[in-house]
Structure formats: structure tokens, C-alpha cells
Amino acid sequence: MREINSWCVMLERSEFSEALAPPELLARFESVRAESVWRAAMLSDEDCGAQSMDDASPVKWHLAHTTWFFETFILEAYEAGFKPFHQAFRVLFNSYYNGVGEKHPRPRRGLLTRPSRHEVMAYRANVDARMIKLLAGTDVKAGLLELVELGLQHEQQHQELIVTDVMHLLHQNPLYPAYGLPMAVKPAGDLRWHEFGAGVVEIGHQGEAFCFDNELPRHRQFVERFELASRLVTNAEYAEFIAAGGYEEASYWLAEGWDFVAKLTARQPMFWHKRDGAWFEFTSDGLQKLDMAGPVLRLSYYEASAYAQWAAARLPTEAEWEVAAVSGKEFEQMFGVAWQWTSSSYAAYPGFVAAAGAVGEYNGKFMVNQYVLRGSSVATPEGHSRASYRNFFPAGASWQFSGIRLAR
Amino acid sequence: MREINSWCVMLERSEFSEALAPPELLARFESVRAESVWRAAMLSDEDCGAQSMDDASPVKWHLAHTTWFFETFILEAYEAGFKPFHQAFRVLFNSYYNGVGEKHPRPRRGLLTRPSRHEVMAYRANVDARMIKLLAGTDVKAGLLELVELGLQHEQQHQELIVTDVMHLLHQNPLYPAYGLPMAVKPAGDLRWHEFGAGVVEIGHQGEAFCFDNELPRHRQFVERFELASRLVTNAEYAEFIAAGGYEEASYWLAEGWDFVAKLTARQPMFWHKRDGAWFEFTSDGLQKLDMAGPVLRLSYYEASAYAQWAAARLPTEAEWEVAAVSGKEFEQMFGVAWQWTSSSYAAYPGFVAAAGAVGEYNGKFMVNQYVLRGSSVATPEGHSRASYRNFFPAGASWQFSGIRLAR
Amino acid sequence: MREINSWCVMLERSEFSEALAPPELLARFESVRAESVWRAAMLSDEDCGAQSMDDASPVKWHLAHTTWFFETFILEAYEAGFKPFHQAFRVLFNSYYNGVGEKHPRPRRGLLTRPSRHEVMAYRANVDARMIKLLAGTDVKAGLLELVELGLQHEQQHQELIVTDVMHLLHQNPLYPAYGLPMAVKPAGDLRWHEFGAGVVEIGHQGEAFCFDNELPRHRQFVERFELASRLVTNAEYAEFIAAGGYEEASYWLAEGWDFVAKLTARQPMFWHKRDGAWFEFTSDGLQKLDMAGPVLRLSYYEASAYAQWAAARLPTEAEWEVAAVSGKEFEQMFGVAWQWTSSSYAAYPGFVAAAGAVGEYNGKFMVNQYVLRGSSVATPEGHSRASYRNFFPAGASWQFSGIRLAR
Amino acid sequence: MREINSWCVMLERSEFSEALAPPELLARFESVRAESVWRAAMLSDEDCGAQSMDDASPVKWHLAHTTWFFETFILEAYEAGFKPFHQAFRVLFNSYYNGVGEKHPRPRRGLLTRPSRHEVMAYRANVDARMIKLLAGTDVKAGLLELVELGLQHEQQHQELIVTDVMHLLHQNPLYPAYGLPMAVKPAGDLRWHEFGAGVVEIGHQGEAFCFDNELPRHRQFVERFELASRLVTNAEYAEFIAAGGYEEASYWLAEGWDFVAKLTARQPMFWHKRDGAWFEFTSDGLQKLDMAGPVLRLSYYEASAYAQWAAARLPTEAEWEVAAVSGKEFEQMFGVAWQWTSSSYAAYPGFVAAAGAVGEYNGKFMVNQYVLRGSSVATPEGHSRASYRNFFPAGASWQFSGIRLAR
């Protein structure tokens, strides 16, 4: 799990140098910043302030924290005569950067009724104006463009969390209110299996474009012969697993997964509900009849693993997934639908070196007890997907757009 | 602890028959209902929605629940052609009346971002209008006036909780925002001890005016000779206890109290803070220099007991307190400043009988592991104090306006 | 709850001066010390070492701790050339006397596999020999006899705990092994109600014989008219309560009691089991058919209270119980069968003063959130019962010989 | 973690066919069975009965459970006229095989004071005699020899746990009693780094000898160039890490590791103690001066990882470790000293297939959130080490003989 922004503390990598020229960057800055606001536009002040669990944050906090990032890591370093918008925000909207002062305890973010959403929007406006002025300046200093890009990538990650966190919140409400963000998914075709032969492959990011440090270095792995499914597991298929007693049969489950099942209040995906014998799903449009052709979403690693076991298949490794993603074969739903659990524990690539210094303080610190998800989801912002991207969450996390692509 | 409204489920007592004639009751209805709104007037929507701990409720919930009471127990029974304002509110704003359908889990009240505060205010307006129409009618049915009075008393109890709950919330915020409700306390004079001889006394409510069932029946007790302090313990006195190592010396504390101390993050009253060697207190006006002449507030029973032990005194029993309150002797701060912990466990008076039926469902159910507080506080609404009133909380509760009056 | 020996830290009271002359005391010392060993005689070393829950202690610990008491409070003060048997035992077998050095954490007593039971028995023999020598000496110093009596009373309290703790342990074992201590109870006659008129009564210990400080001072109380049952509630009667749905109907239960029920693994007394539709009870002879005429045992306060509510009666106050006990009326099973829950919270009698100094360190420290039980049980040693005796446990404790005598 | 015997549920693999001829197997059976008894010989009955934490089991339970394995999986299947030694033992000494009836809850194993150790030894003697008779018979059925070998391998695993569990127990005792099992470790030479070039390697078990299913199938991996340390990290080196503030500097630690540190009662290896400024270690001989040249033991994965980070190195992957182990280069302490944490999450080898049927019920069920340790320890029985062996524990486990071999 990103601990909201584990991805976001990145070093200034020398690999990343393809900085946009200021005019384009300016446009991109404005567009990315606007997207965050747009994702909160249909929410009330109360919706934006509440926190539904420790792992989630209030929308207001996401809006403020992404702004804090620009103020702290860019304006403070590059703005002449820098003065913080509000001294207290530096603590309140820090996430976990130990190097940057005391942080406000995460589980209590929902208690920060002040500053109000209105004040946070004023904070955004203030920082945006100062950033635009800085970027429009003639004297763009070394490292600035990379940091801006990093800030935008960071904000895009939080944009996905805005969606998953607020939907988790609204789902707690017995009224099942609609969030309202459009999130249509194109149906996929029939399931086919694409085969890949054994051999040494290369994975990891290549090229000059932006990437996070965990995608590096590009390196070799030996992959045995495998097959990968052409599309994601559907709701219909997962409903069949449930109907076949999938949640009642220990042999499909990892031992920890079986403990996970024992604590579930209902033996079904987190957002599924049964009404008069029919399945419904909580969606951006509220509680809706379950779309049987759609991809199953919001699964934990345990559920994904148990389903695969039942289906006489398995989850792919991340190397298999990445090889397939760039193979040119006809896969559907690799990106933009649901993150896909892999059986790979989140670990450093060979040769990965934790960077020194403040921004890179925590590079590898989440590389234990988490599992890699590949692809991207319907909530991932435009332009934030690539074949080498490594998302990661603990095995029990199930409030993301996380689904299954089978391997065998 | 009232579990927000343990006080509020009262039977229709035959003792209570002094119903106001409709015109006066109408005025009183409007005035009490307005007071709740007034207490929330200076709060933002976000302030009204958040819940700072399981024991507290959001202000919005208090505003809705008190309205739900009138709708459920009065309009549903007395209004012709009754239709609920919104079917779902019947569950959402129920507190714990098992007899009246499924309730929403209490610790999740802060997640109810919908209905919005605006919708709750519309709910209030709607129920107020219907109530006023009902009360202005010519055909006032038996039992109605008593139920209206009960609803108003119930609402007054929640008015105090609005204050204590929202102040607990605002205190979580590192900005220590001001609530803004005026809460001045007149300073008391020097401490004197008033003596009372041993003998059989009578305590409990008498007369025809409203009271809660736990104040009945009026009965005899034998009280030994005792002395009671003329005023509350001051902040200065309590600071002396701290300075003398009161929180470090086990012998002052009950065994459970010593465990309570071990879990405290700071060894001082909940709202006290030390800044550069000086005491500050979080108040309705934000963080302020501690008023040394003012009463010490927000103490647990454990702290009250330890202070008394240190001061070579003790807490009074509730019988002692009540006898003194009606004695005509010169006591200060009996009412309207701080609730006063007594050493009396909350228990049934001899002859107390749990009522049958829906409203009286839970009359004595909180009579275990709670301690009685007497008097009333600066947050208690006008007209809601009397000598026989029995407030009660668990020994560890410390977010109320709870203080100490010593006995010996 | 005594926290194993909350009763046992007593001051040297001036009221207690009726010390036995040495020869009788010597005989009494030997007899009481032998009783502890007898109660462990049928247990294996493993039985004596295990601890079944935090609230219980291993038998071996009881045997050592009672010995530690004599060594620490008597031999150390009165023996010429005192040297402790083993320095480490002074910590290991201390219970909670903060004034007497570091204690070993209570929940870990079951991990003390060393010293072995054999070594503990050697410790007992050593201390016994030194005590006997001391008591047989010609120069008996002031205060010694009182302390010996206190040590014996203390040991008798632990004798009851040896029985309740080891039965709780054996009950955890699916084999339900028999403990083997004889514990027959004479059946009682038909239920009758004895009436008492209202008036001022006196309760508390009187006379020169030994008592604990919480039984003092003797004082006056006003008691309303009441009736008390002539015998305890039987297993048959309690089975009827269960059959009538007593554990399924919230209205019989205190709110905390209803939470207690929700956490029970079985809705019945702790030692009851159903086999092929019939009730069995775990007894000193293993799992036996439930004796329907016998008293119901091992109830929490919550269960006792719920039963009384269902039976349209109530629990007596401790004053009512004590008045009845000395009234000369025909009550059965007041002593020697089961401790009887009263509705009285454990609190100081008027005029009770916590003693200064080491032994009296903790006199009143358990007087919060516990309820008084009166009488004595089948496990209480001979000569350890009296009408003014105040036993106390938290409302949820149910592994004692605790039953119900109804009042109304 | 093996959940005591996660290793032990193995399928009957066709790969394993090199069964010993009966006479040799008989000798091996007797020798392995004797080793378990030998490891408990210096312990008292009380030592054998206690359980120091949920993750550990009493020695008595290990002695009984290994016997249960032979009775359940071999005698029941192969013995003519099979009758269990004691019906109840089938539940009490089952570990977690859901397919073989109700098991006794693991955290309560320490409460099983009956059967006594003596009865368990009688159980061992009975099953041993029946096994020997069976093995000496003329008609050895198919599959029997493989199951016996599996039972012996299983028992050897529990032999290591007997040592680690009882030492954890004795370490809880303030007396720090000596266990007494000889466990000398030969000192290692100076640290050197052995280099290995990049390339495709093969790992996993090969040959006909016994192995567990998680060591299969043998398969290819691509390994980058690496260096591996010639010996384990010493106590002296680890003490240097502590002295350098290793436990106080977040940047060395995984995020979860930093949380682990926050919960430690002392910031040092579990069995280390400081006395007058010098380090001591709890060993089989009790508390002893820390052997600075000896290997650091009883580290969690978090500590191993933090040390490596501080030392500007890293933990090896399991493939690197295995390649080095069979390389013929001069490594010390690969086996028989301490298990060595690798950075590899415990996962299925490519092509691993979970077996069908009762014994293979749980083959891969622990393959989540655990890390692989390689080598073997001073407590591993003779003949139970091999280069392909995969031990595994959760990252927080630190009561094993677990140490560090660095890579870079």
C-alpha cells in the first residue's frame, strides 16, 4: 500500500531528464491540478472531510497534501522570498516524511474539520498562482522541471486515491449515495490464452520518460513457459466461484486468507450486496444491478489467489505480466480497467539502490509484505499508465479497483 | 454515561402531570428547539459532521436525533395521516432503542456525510412545523403534553452533549480552533466547610414538576455527620496537586485509576497544556491562559478521587450532596458551573421499578459501573437543573464539564 | 476482585487485639498451613504450574505467595539474623505490593516453571520451621500475633482461590479431569420469603475478633421494608430462565450485561454443558449430570441481575443481606454454599480511613467498579465466614462460587 | 513460520523413492525418536508443560504431536486391528490438519496439564513399539517407507522447535535458568567476499533423496552478478550497529520494521541484556557474557534488513544463497550455526502444483507474507540440512536461531 503516497517520495533520478519545455509543462500543470478539483466537484463539504478507515484519507486531505508537496519541495526551494501559506499546514498536510517535521497522526485526518474545504481551496489557488509564476519565469533552475513532474505524478496517484477513498466512505452509508464520476468500462471479448516460451527476458522501465525508482533498473529474469489470459475475470465468473462454495472451502485459500475470510462480514467482494437473490454492486452511480460481463473489482490478494486456485490456474508473476504487456499479442483490459494482482512480493529489482538525501529518504521502505499489482484502473488518470508501473498493496487490501488476470 | 441519551428514555410517569397549557408549551417548544440550532450556529458543516471518538456523536447527529424523537414518539402517534420525513432517517437517527428498529452503529456516525447538514436542518424545520400545528390544535390528546415535555428535556440533554462533543472534537485539532459559545463563570469566594449532623434524611424528587424516573421514588437514607465544601476545587488548587507529584504517587489513586494514569498521554486534565512553563486550557475561545481562580474541569472520577485523597478529604455521596443543596446554607457553584462527581455508584433507589413497554424499555439498564454526578454545568441549558437530578458517567469519562466539590 | 489478594493487605488495627495465646496460635498456624497443601495434594506438578487466564494464578504461585507473606512481613521483622530463603523469590512471589520491590507481571505467572513445585514446597517447609520456632519463643513482641493472624487469614483467602483457579484451569481441558476435592452441598428446602420492616439498622463488624478493614466502621443505615429469599436460586430455576429465552431477551439485562452476553461462547453458566439435550456441570468430580436441586454457581453479576429481573425480583443490598444474616430468622445457605451477589457497589463505609504506611498501602484502592458478594462458599475454609464479611468482584467475573439469593 | 508444522504436511511424492531398507530404517527410526526425548531430558515436568506465547508450543505437546503423526498417518493405515492409544489424543495433538478432525486451539496448548508428561511418554513408548513391530514385519506395503521417512523428517523439524520454544520460555523467567543442551559453535575466520558472475542458474532439489515439496521443481533463474560474505555477521559487528544508533535511525529500517522497533521493550536482539555496561546473552547455559566472535542470533527479518542497510550491503536472495552453497567456494557457517534470512518472499517455484488429497491438503498455503531462511542452525538435528532446504518465517519472528549473511 502506498501509505497514501509511498510512491511519491522519489529521488531526482538522473535517468529522468526529458523535462518538458515550460509552456507545455505549464499546460500540463494546470490540467493535472484541475483534474483533482474535478474529482471532488460533486462532493459536499462533509463528504470531503470524513475518513472511513485508517487506510483511507479524506478528500480534503488529498487536495491539501498534493498542494503541500508543491509548496514544500518546490516553492520553498525555488521561490524568491518564500513564505508558507500557513505555518500549521506544513504539519497537517505532511504525510509521513520524517525528514520534514512532525506529522499529524494519519487515523485522525478525519477530525481536521479546520481548515475548511474552502480554506484548502484557497490554499490550492495560492500555490497554483505561485507555481505558475515560477514556471513562467525566465530563469528556470536545474532540477525544477523534474520536481514539477514528480509533483504532478504524485498528484495523479492521489487522484486515484480520491476515488477509491471516497467510494469506500460512501459505501459505509446505508443510503448508498452516488459519487457520480463517470467510470464506464468497455466489455471484453471471450477468454483466450496467449502462450509465451521459456527464456531470459528483460523487464523494468526503459527510455527517457518519467518513471518511479522502483521500476529500475531494467534487468534480466528467466521466465518459464506460461500462458496468460486475454482478459480479466468477470463478475459472472466470480459469482460462479461464490455459488460453488468458494468462500466455504479452506483448500482454495492461503492460511492467512482463510483467517481473512473468517473476519469478513459477508463472503463476497466488498461492494457486492444480495437483494432478493440477485447481486448488486455499489458503484459510482450508487447501488446497481451487478454487470455480469464487467470485471470483478475490489478483491484482496487472498480472494484473487483463492479464485485462481479454484479455477485451476494461478496469478501471474509481475515479469510474466510485463513481458505479455509489451509482446504485441492481443490482450484486453491490460490498462484502464482494474489493477491486476500478481504473485510477486514487492521487492527491489537487482541493483536497486536506495537514494541518499531527503526526497529519496524512503525509497525501498515499503518493500516487505506487499504484493505487486500491474496495469491501471478506470480511476487512474489519463497518461499515468505504463507497462513497467508497479503498484503495490498488502494482501488484505480490497478497496481498490483490483481484479484478476489468470495465468497458467 | 448516557450513551448519548440513556436519560432520555422515560416512561410516562403518573407523577408527572403538571403539563403546561398549550400556549406556554408552544413557546417553550420553540425556544428549546432554537437553542439547539444556536449552539451549532458558529460551526461549519465539517465541524458538524465529524465524530472524535466512540463516546461522542457529531453535532449533526444530535440535531437530527432530537428531531427523530419528536417524529417517532409524538408525530407517529398523534399526527393524522402521519408519513415520515424520510424512511431511512428512522434508522440513521435512532440511538439505541432496540424496540424501534435497526440502528446505525454508533462509532460510525461520523461517516454519515449524507444526509447533509442542510438536509438535517430541513428535517428539523419540517418536524417543527408539524409539531407546532399539532400543539396548536384544539384536540390535545391525553399523554401528548407529557411526551412533548419529555422530548424537550431530552433535547436539552443533547444540547449539553453538543457542547462537550464538539469541544472534544475541536480539541483534537492542532490549531485549537475556538468554538465561540459564551461560557463565562463567576469566580467563587474563599473555601469554607458547612457542617451537617447525622440523621435520617429524605432524598429524591418531590412535587409535580418534571423529573426523570431515576430520581424516584423519594426515600429515606441515614447520613452520618459530614462537612461539605462551599465551592468547587479551583484550577490553582488542582495545579498544586500536579506540582506536588499527584500523578506520580500511586497511593492517592484507586488501582484502576493508576492504570488510567499509565495510559494518559499527559498527566494533567484533558484540556490542559503547558507552554513555556505556564498552564493553558482549551476553552470555547480556543487555547487560553489557565484561569487559576476558575473551577477545574474535565476530570475523570479517578482524578477527582485522587485529588480528594491528596487533599485529605473525600468525594461526597449523592445523598450528602442533595441534602446540602436544599439546606439553605451558603454554597456556591452548586449549579451552572461543573457537574460534581460523587462517590455514589449509579444504582436504583429503593422501590424503583423498571417500567414495562416501549418507551420505558431501558429504564435501569445503565445502573452498573457508573458514578453519579450532581449539580449542573455551564453547558447545561437554562431550566434544566435541580437538586434531585442524577447525571452519571463511567469512572474514566473526562470530556464533560466535570469537577470536584470536596467532603469530609 | 481481590487481585488475588486485595483483601490481604490490612493494617494492624487497634480494634484487633484478641490475639490467641501462642500454643493455640501455633496449632492454628500448622492447621491452616496444612490445609493449603491438602488442597493441592491431588494435583500434578503440571496442574500446579499452569495459569488459565490473567485473573487466575497457578496453584504453585498461591503456595509460594502465602509463604512469602510470612517471610516478608513477619520473619524479616521479627526473626533474629533474618536471611531470605532465596533472594529472587521476593520478587517472584510478591503480588502487587508496590512498596516491597519489583513484582513479576501477573499474566506471566504461568511461565515460571522454575522454581519447581518441589522447591516451593521446600520454601514452605523452611518458612514453617522458622515461624514455629519464632512462635514457640518466650519473647513474643508486640504486633507479632496480629500479623500472624493476618497471614493466616490471607492464606485462607488464597485457599479459596486455589480451588476456583485450578477448577477454571481443568475446565479448559477437553478431558474435563476431576480435581477431586470433596465439595458436597446439602439440599435446601422450599423457597420462602422473610420480611423485614423499614428502619435504621447497624451493619459492619463488631467485637474483638479479627476482621478486615473494609468491614469497619460499624455504622447506621436506613433500610426500607424488604423481603429476602430463604435459600439460593437452584439449578432447576436457572435452567427454567434459560429455557424461557432469558439469554435472548435484552430487556432482562443491564446494557453492559447485554454486551457480556454477546461475547459468551455459550449462553449458560460458565461450567454448564449440554449433552444430548441434558445439562451437565463441570464439578470437582469432572463433568457430572447437573444437580437440579443444587444452587446455581459461577454466575457473573450480569447474569444474577438478569435472572432477578426475569423472576420479578431483585438482588439484595449488602445491608439487607447483613441484617437478615443476624436476624435469627430461618435462612438456609447463607454460608458455605455460594457467595451471593448484592446490588451494592464496593465502597468505603462512612468514616473508613485509608491507613498510612506500608502494609496498609492499598486499603481502599479497589473500591470502584466492583460489586459486593456476601456469605461464603463451599470452597471457603472452615472458620473464615462471618456476617460482616465483604467479598467483591467485577460484574463480569464468573469463575467463583457465586450464586443468587433474591430480594424483593 | 511453520505454524509448528507447516513443513510437515507433505504429499507422498513420486520423486521420493529412495526408501531405506527396513533394518536401516528401523535403526534410524529409533535414533530419531530418541533424539526428541534427549532434548527434553534435562527439563522438569513444569518446563515441558508451559507455553510462552501463541507462536510456541509446550515441549510436551511436541513430544505428543510427533507421536500422533505416526499413529494417525501410519498405524491407522497400516496396522492390523488398529486401535488408537487414546481417542482424545487425536484431537489434542493434532496441529492444524483440518481434514483430520477438530483440533485443540493452539494458544491454549499450555493449559493441557493432562495428559501428564508421564502419560505422553507412555504414548510415545506404545506407538514406538507398534511402529517397530510394523517395520520389522515381512510384509512392508507400498508407501509405508516413504511415510515413515516423512514422519522422521517431521519429527526432526519439531526437534528444532523444542529447542527454540523452550529457550523462549526459560528466557521469560527472571532467574534465566539454563536449558543445558550443548550448543557450541566453532568461531569463523575473517570476512571475505566471494564473487559470482551473472547468468542462468538452476536451483531446487535434485536427486532421489528426501526433500519437501516446496524445494521442487528444480528450475532455472537468471541471477545478476553478486558477492556473498564468507561468514555470518558476528555479535561484535551487530553491537557496533547498535552503538552507532542503528535502532534510532529510521532510514535503515523498512517502514514496518520501524513500527516493529517502536514496540520493542529493548532495542537489541531478543536475548541480549546489558549488565553494568556489558552485553550478556541468554544461552543454553543461562545468561552468559556475549561471545563477540560468535554469530548474532535471534534476529527478525526487519533487524537483518536494517543491519544490512547500515552495513551498505543487502540480504541475499535465496537463489544467490543456493548457488553459492553448491559452488565449492570457501564459505563458513552455511550450515549448523544459524538460519540465514534471505530477501526472498516465500513463494511457489515455477511449476509447483498443490497436491490433491488429505496429506497434501495445505502444500502452498503458507506462501504469503513470509520470508525464506536458508542453511540450518546449531539446533537443527544431524542429517536435516541441505542446500535446497527452504525454511520460512514471518518478518517479525525472532525467537529462532536466525542470523545474517550479507550480500552485495
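Per-chain residue numbering starts at 1, and chain names A, B, C and D are given in the order in which the chains are listed.
One rule holds for everything that comes next: a residue touches a chain if its C-beta (ideal position, glycine included) is under 8 Å from a C-beta of that chain, and two chains touch if they have at least 3 such contacts.
Just so it is clear, the structure is predicted and the values come from calculations on it, not from any experiment.
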Whole-Å gap separating chain A and chain B, where each centre is the average of the chain's CA atoms: 45
Averaged-CA centre spacing for the pair chain D and chain A, given as whole angstrom: 38
Junction residues of chain C - those touching two or more other chains: none
Overall pattern in which the protein chains touch one another (line/ring/star/complete/other): ring
Interchain contacts, given as pairs of chains that touch: A-B, A-D, B-C, C-D
Chain D residues touching chain C - in the complex, by the definition given at the top: 44-50, 52, 60, 88, 91-92, 104, 108, 110-117, 169-170, 172-175, 177
Chain A - residues contacting chain D, complex: 3, 6, 98, 198, 200, 219-222, 224, 250-251, 253-258, 301-302, 305, 309, 314, 343-345, 347-348, 350-351, 354, 361-362, 364-369, 395
